[in-house]
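Paired with chain B in one complex and with chain C in the other, chain A is shared by the two complexes that follow.
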Partner chain A sequence: MSGARGGLQAVWTVAVFVFILTPIASLVVFSFNADRFPSLPWGGFSLVWYEAILEDQTVRDAMWRSLRVSASVSVLATFIGFAAAYTDYRYNFTGKMPYLALAALPPTVPVLILGLGMLSFFSMIDLVGTLRAVIAGHVVICAPFAMALIRMRLADMSPDLEPAAWNLGASRWRTMATVTLPWCLPSIFAALAITAAVSFDEFMIAWFVSGLEETLPVRILALLQGQVSPRINAIGSLVFFVSGLLVVIAQLLTWRRGAT
Partner chain B sequence: MTTILTLDKVEKRFGDTVALEPTSLGLEKGEFLALMGPSGCGKSTTLRMIAGLEAASGGTIRHWDRDITDLPPWERDMPMVWQSYALFPFLTVRENVEFGLKQKRRATAVDRRKKSGEWLERLGISDLADRKTDQLSGGQRQRVALARALVLEPEILLLDEPLSALDAHLRLRMQSELKRLHGDLGITFLYVTHSQSEAFAMADRVAILNAGRLQQLGPAREVHAAPANRFVAEFVGGSTILTGTARGEGRIETPMGLLTALAGYPAAPGETVSFLVPSNRVGLSEAATGAPNEVAARLLTEEFTGSFVTVYLELADGTEMKVQLQQSDLDALSLAPGTPLYASWPAEAGYVLKEV
Partner chain C sequence: MTDRTSQRRRRIDGFALFWGAPSFLWQGVFFLAPLIVLVAMSFWVVRNFRLTPDFVFGNWERMLTRDYFWAGYGYTFQLALLVALLASLIAFPVAHYLAFRARPGIRRLAIFLLITPFFTSYLVRIYSWKIILSTEGVLNVMFGWLGLGPFGMIDNAFGAVVGYLTLCLPLVIIIQVFALSAVGRALIGAAHNLGAPPLRTTLTVTIPAARIGLILAATFAFILSFGDYVSPTYLGGGTPPTMSILVVDQTKSGNHWPRASVVAVTMVLTLVTVLFAALFAAYGRPGKKT
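== the complex of A and B ==
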């Protein structure tokens, strides 16, 4: 009875994963398909669509922009996230709860609203259509993720550790550099990876504020609107690979922390 | 004796709660002073203010003649040994020990290595030098914490309940080791603990705090023999406290009869007083002997603790009396719970407290 139940549960779990992963798997599979149309039977293995996108200057530019944006965003968002998490760890002040709620708020706001809001705000300060606008928008949604990761790590730090460093002659800044940062390092790397991943495949905000400075997800949609080409599959696979890699890195970093 | 550290009316308030009432205290150079009391008495707060980790709400702290009240912790030379050890988990044992030297920039890399090596050797943890601290046992961690503080060659070492996370056996060993280290180094130890046995075993002087107030400061023996008040007597333990009305010349009328206590505070007739009966001065017998200070009692329990036996009696007014006897003294008595007994003690052993 329980064996049959367990078996059913396993089948159900597999079915759910198949349902979730099939579109991605078919995207990757058909990106290597020689045929023009993504249909069975398979027309043979080919890298022609990858060649096509790598030769497409607009895609290459978009890819380069996305990489630059996600690199800047990961550093900025992780810095802000660390600062917010550390403030929470070290200090007690009135209004701390609202402060933390505010710091964690952005991901709960629908991105459509965020995107619209940023569009109107950035146009007031003449920032629309620049990569800086995309970076600013992404930092807003990414910083809370960084804060959450680093806060979790700080919560495990003995409250005596920093005072012990002060007591041994290290000033506040020296303590930050020699004790606090080394302690947080795994979570800082994880935050860098996660925020880079979130930024790399973020579409909505980039679509609103990037103007002609298209990032890769924006470029993909533009391509889709023009024609249905297997090149989309190739780009999609690349984006999936980059984001997936970053998330795996973050997972490994937080894992190792959990093990020790 | 010269005073190395002076607390002058130092106090600490957190909002409306008083952690430490204005307290003055002098630490003599080279002494081992234990600051003790129950949890929440203000002893750790006092230590943290001396280390600069808490700001004093009032008063001044002086190191020799220098006012250090507002000095940040990293500018005070008072390394501390923590109850939680507070070792840096991402550093090796040797790097932990060298941490302070590195911050203070007092030594070159070669010197640091030499000094840390000496202290690791001295505390018997040389072979752990390259381990990470999470691979160490509690006792080993405590040694690393000690080495990390002592390598700075401080004038004053602060210790915050350093032994309370260790098991009983290890605690005793570390106690004698700390005591020996203190003797060898000749530096001043300020030791915070809630355990009177630790304090009495090691300290030259003890300071007892309760509810943010200093109750008594003096040599361990003196505090033990002549507690200043009821709190100290109870905290130190080892005595039974009886209460009655003074009738002059040391005689005190109690529910158990007229008793005599000659030591301590000379109470005026009519005053309500408390007096101590040291548990190691009481003798027991099965029949009344007519000795002075003899009271009828009923046996509650006995507790065998190795070389001696602790017997708990109930007196006529319900007071629990503690008596400490040699095993040989007990052999003469037949002891079963509820047995009626007579307890007596010499009049000069009774110690009258100044406060009720």
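== the complex of A and C ==
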């Protein structure tokens, strides 16, 4: 292989990664800049923007709502994802294909379209303007991620393991609790983290159905319509740290399995 | 056959139902029902500011005969197509490098870095681009040091494309890396041994062998950009409006949900058509089955 070509390719690869990571780096860096407009020259290190958002009641309320929503979503979506993954693993039945399609397809529909559909349907059943509406919508797009993660883990479990436990006299519930669930535990934790991260960041469905119950990303969307302000950098950095942390946790949990 | 069915029915019991039902029920009620309502609503009417079930084609007629609708449709389609192409071209050397040349440790780190943005606030990243690319932003300040600019990099198609690429590139690179990794090294080695230069090997052996993944990656880029609202609004300036902006405008300010749902249903039909065309291109090319 020609060295020059490989070198050029490496430079290109680095450039593309710089493009992908630049907005995140710039966001965090300028959240500590004292100046009113986040640009060069550097105006000095400061925490004023973080203080400003922590004193802002609307931001604190929105943060609290987002945390509640993403906690509920992660538990619900992970349970539903696990149930669907286990059903796919254990059972064969007529209509399994449409069943799995329904369980897996939601993330492929643009959130904008889901949001509009949910807004109209939820307004018929009087759910619009509540956090429960946001939770219901987020579980729809999060459960498939949980299902995929857990199904990958189940694929590594011998299909004879459960029947062995049954033959030894354990009931199916007991087998589930003492064999299947412990086996899936790393992927369950990973699914909890990933679904929490997806919900914490999601703004389109939340924007359509939340009404006045703004979640944090919806608050950011509202701020974006106003002037550029380093306060958005500060909120954005917080949001990024929370979801980034969750994703890193999820990746470490799924990786440890790959290593052993 | 009937014996087996009845046997199977007896086995579908409380335990199986407990695990099988939740996904079906939840997605049926909160995913399928809203989509059905969305389609139905495109035939409803708004009377005295109230949504009334009906079966009229007025909304369709009204939207499909408007020039701004088709202008928006064409603009959105072109942008999404451009992004699918651009993202594929930009990503390919990266994916090729990661799949064939990078050490395993580097590859794992790269995949890690690519997965992380996929799950972290896209909205916030677009905001960040907005200030980087703005007239007083970092890039224009730097151009100013060189005596250039300022360049208008937001509120136009360029800005929108930067945003779309931010959204699509990580996913496109990941899919391409997997597609290329699946191409046997033996195949590429054979091409080398037969005397093909590297570029020719890539064009005539690697790309055809990885065709399915490459087409899939481009399709995802198209789908993501076609439906995105944030980039065309905050980086693209909102003019001409994309399909997504039409939907939001009709819903939020126009308060005319049936017209919004006409646009949304048109988008879904377009995406399904594109998806099937892509699957056909990837799998169904007659006489070229592998």
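The criterion applied here is as follows: the second predicted complex is superposed on the first by the 259 of 260 C-alpha atoms of A that agree within 3 Å, B and C clash if a C-alpha of one lies under 4 Å from a C-alpha of the other, contacts with A are read in each partner's own complex, and residues count from 1 in each chain.
In this section, a contact is a pair of C-beta atoms (placed from the backbone, for glycine too) under 8 Å apart; a residue touches a chain by one contact, two chains touch by 3 or more.
The structure displayed is predicted, hence computed values, not measured ones.
Student: Report clash or fit for the pair chain B and chain C bound to chain A in the combined superposed model.
Tutor: fit
Student: Is A:S158 contacted by the first partner chain B, the second partner chain C, both or neither?
Tutor: So A:S158 only meets chain B here.
Student: Go through the superposed model and pick first if A:L102 touches only chain B, second if only chain C, both, or neither.
Tutor: In the superposed model, A:L102 contacts chain C only, not chain B.
Student: On the A-aligned overlay, A:L224 touches which partner chain: chain B = first, chain C = second, or both, or neither?
Tutor: A:L224 sits against chain C, while chain B stays out of touch.
Student: A:S26 contacts which: chain B (first), chain C (second), both, neither?
Tutor: In the superposed model, A:S26 contacts chain C only, not chain B.
Student: More residues of chain A are touched by which chain, chain B or chain C?
Tutor: C
Student: Nearest approach of chain B to chain C by C-alpha atoms in the superposition, in Å, rounded to an integer.
Tutor: So the smallest C-alpha gap separating chain B from chain C comes to 6 Å.
Student: Starting from the residues of chain A touching chain B, keep only those that also touch chain C in the other complex, and list them.
Tutor: none
Student: For the complex, which residues does chain C have touching chain A?
Tutor: 8, 12, 15-16, 18-24, 26-28, 30-35, 37-38, 41, 51, 90-91, 93-94, 96-98, 101-102, 110, 112-117, 119-132, 134, 136-138, 141-142, 165-166, 169-170, 173, 198, 223, 226-229, 234, 244, 247-248, 251, 257, 260-261, 264, 267-268, 271
Student: Which of the residues in chain A come into contact with chain B in the complex?
Tutor: Per the touch definition, chain A meets chain B at residues 158, 160-161, 163-171, 174, 178-179, 182-183, 185, 260.
Student: Going by the contact rule set out above, which residues of chain B touch chain A in the complex?
Tutor: For this pair, the touching residues of chain B are 51-53, 72-75, 78-80, 82, 84, 86-90, 99-100, 103-104, 134, 148-149, 152.
Student: With touch defined as at the start, can you tell me which chain A residues reach chain C in the complex?
Tutor: Residue list for chain A touching chain C: 1-2, 5-6, 9-10, 12-13, 16-17, 19-24, 26-27, 30, 37-41, 79-81, 83-84, 86-87, 90-91, 93, 99, 102-103, 106, 108-114, 116-122, 124, 136-137, 139-140, 143, 147, 172-173, 194, 197-198, 201, 203-204, 208, 217, 220-221, 224, 228, 232-233, 236, 239-240, 243-244, 246-248, 251.
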